[in-house]
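Chain nomenclature is as follows: A, B, C and D, assigned in order of appearance, with residue numbering initiated at 1 for each chain independently.
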Amino acid sequence: MKITVKCFSQVKYALETDELSLELNPGQTTADVEERVRQRAGKKLDGVLLRTAVNRIYVKEPRDLEDGDEVAFIPPVQGG
Amino acid sequence: MKITVKCFSQVKYALETDELSLELNPGQTTADVEERVRQRAGKKLDGVLLRTAVNRIYVKEPRDLEDGDEVAFIPPVQGG
Amino acid sequence: MKMGMKWPLFHQSRADKVVLTEIVPAPIVPFPSDNTRREEGAELVFNGRVRGTEQGQDILALEYEHYEGMAEQELQSLADETMAKFLIQDLFCRHRVGRITIGEASLHVAIWSQHRKEGLQAMTYFIRELKERVPIWKWAILVSGERVPSECVHRD
Amino acid sequence: MKMGMKWPLFHQSRADKVVLTEIVPAPIVPFPSDNTRREEGAELVFNGRVRGTEQGQDILALEYEHYEGMAEQELQSLADETMAKFLIQDLFCRHRVGRITIGEASLHVAIWSQHRKEGLQAMTYFIRELKERVPIWKWAILVSGERVPSECVHRD
């Protein structure tokens, strides 16, 4: 199955893209995706706290994903 | 000696004047003047807390007055 | 600052702080906003407006009375004290007196600071103390036309 | 409310509360002031403005990035939550995104309430939470022209 990862701020800067399309195996969770994103970033996201959103809603615990889900790893926000 | 009492808000309303001119005996204090003001108001200032100002500065304790002083008994203020 | 004076522009970084207070007998002209500042990230503006009821009774308007001379002095010293107490850059305040129609502003305060937290704290303190010590009072103009000190408004 | 819609007039007493949030890509048009209200004695307005330095280093401008879809949703639900939590009448918020010059407003919030205390508390809470959870980020445009996430600005 296929999901989309939206990249913002430091994640976008580290990965040099604003969107990734990833193939997942059934049973893979948001935690697995975060791991892949962090690996792809080399060390550039070391020490950066990322919150997870699935389909534009914050989720607190790792969760299973479905085909077509939109995932984002949200670095500390800075609105205002 | 002679002093002026400025009247505002409830004091003005009770005394029906915005200014009194009073003759004082030497040694009379702001407390004596307040007493005279309250008497003149009948019961209309009963229960109304009055702060004292002499020459436009709040004073905390009763104090002696000098000829020409301007005294005010300040009901609870309501600016804003 | 006298009304009619040219409003200062603050596009330069400034060490100097500005504090301005006025008691005015006419409708309040708001302080101009300003998008030329480099240092102050927070602009906080408060308008205190006349409500249509006083002590629960409908009114036509309020009439603000002040102790001329003392009110100006107390307002300015409160503003100076607020500047000293909080890390803010500028504080501007206009308080209107005389008859004020429902909905119109009796008080207008603008505070500029580097960060919002200090501005919010300073605003909270400044207005609370203003209501505690600046000799200004409200007279209610009742629907009957009668004019009474606001504490003397009683429900029918 | 869509931009360009007629602004509602609130001269009638209203039981209904209004909450409006927008994320806009252009300079913020402030919400209009209003001297026709009978019930709300307190109007509090906050403008958050871009400062000339980021992490201590001079910048040319900020560029605000937002998670489209999610940012609007989080902002609106925060506003709804603020309305439920504090005794306020109306809350209006515009957050600008895209490139913003120093001095210009990135955030504009207006809160109307019967009394100032609730307005100040609601403003404090709303902005604090906005900075905590609404997915918006700052990119600094450095003097060199380089564009980097604001945390990645380092002193020379």
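The criterion applied here is as follows: a contact is a pair of C-beta atoms (placed from the backbone, for glycine too) under 8 Å apart; a residue touches a chain by one contact, two chains touch by 3 or more.
No experiment lies behind these values; they were computed from the predicted model shown.
Q: Let me check something: if the centre of a chain is the mean of its CA atoms, which chain is farthest from chain D?
A: B
Q: Roughly how many whole angstrom separate the Cα centroids of chain A and chain D?
A: Going by mean C-alpha positions, chain A sits 27 Å from chain D.
Q: Report, in whole Å, the distance between the mean C-alpha point of chain B and the mean C-alpha point of chain D.
A: Result: the chain centres lie 49 Å from each other.
Q: Averaging only over C-alpha atoms, locate the centres of chain C and chain D and give their separation in whole Å.
A: Computed value for the inter-centroid distance: 23 Å.
Q: Going by the contact rule already set, what residues in chain D reach two or more other chains?
A: 48, 116, 127
Q: Provide the list of chain B residues touching at least two other chains, using ranges where the numbers run on.
A: Counting only residues that touch two or more other chains, chain B contributes 80.
Q: Which of the chains are touching one another, listed as pairs?
A: A-D, B-C, C-D
Q: For a test of understanding, state which residues of chain B touch chain C in their complex under the given definition.
A: 6, 8-10, 12-13, 53, 56-58, 72, 74-80
Q: Looking at the complex, which residues from chain C come into contact with chain B?
A: So the residues of chain C in touch with chain B come to 48, 64-67, 69-71, 73, 95, 106-107, 127, 130-139, 148-152.
Q: Using the touch definition from the top, list the residues of chain D that touch chain C in their complex.
A: Against chain C, the touching part of chain D is residues 11, 13, 30, 33-52, 101-105, 114, 116, 120, 123-124, 127.
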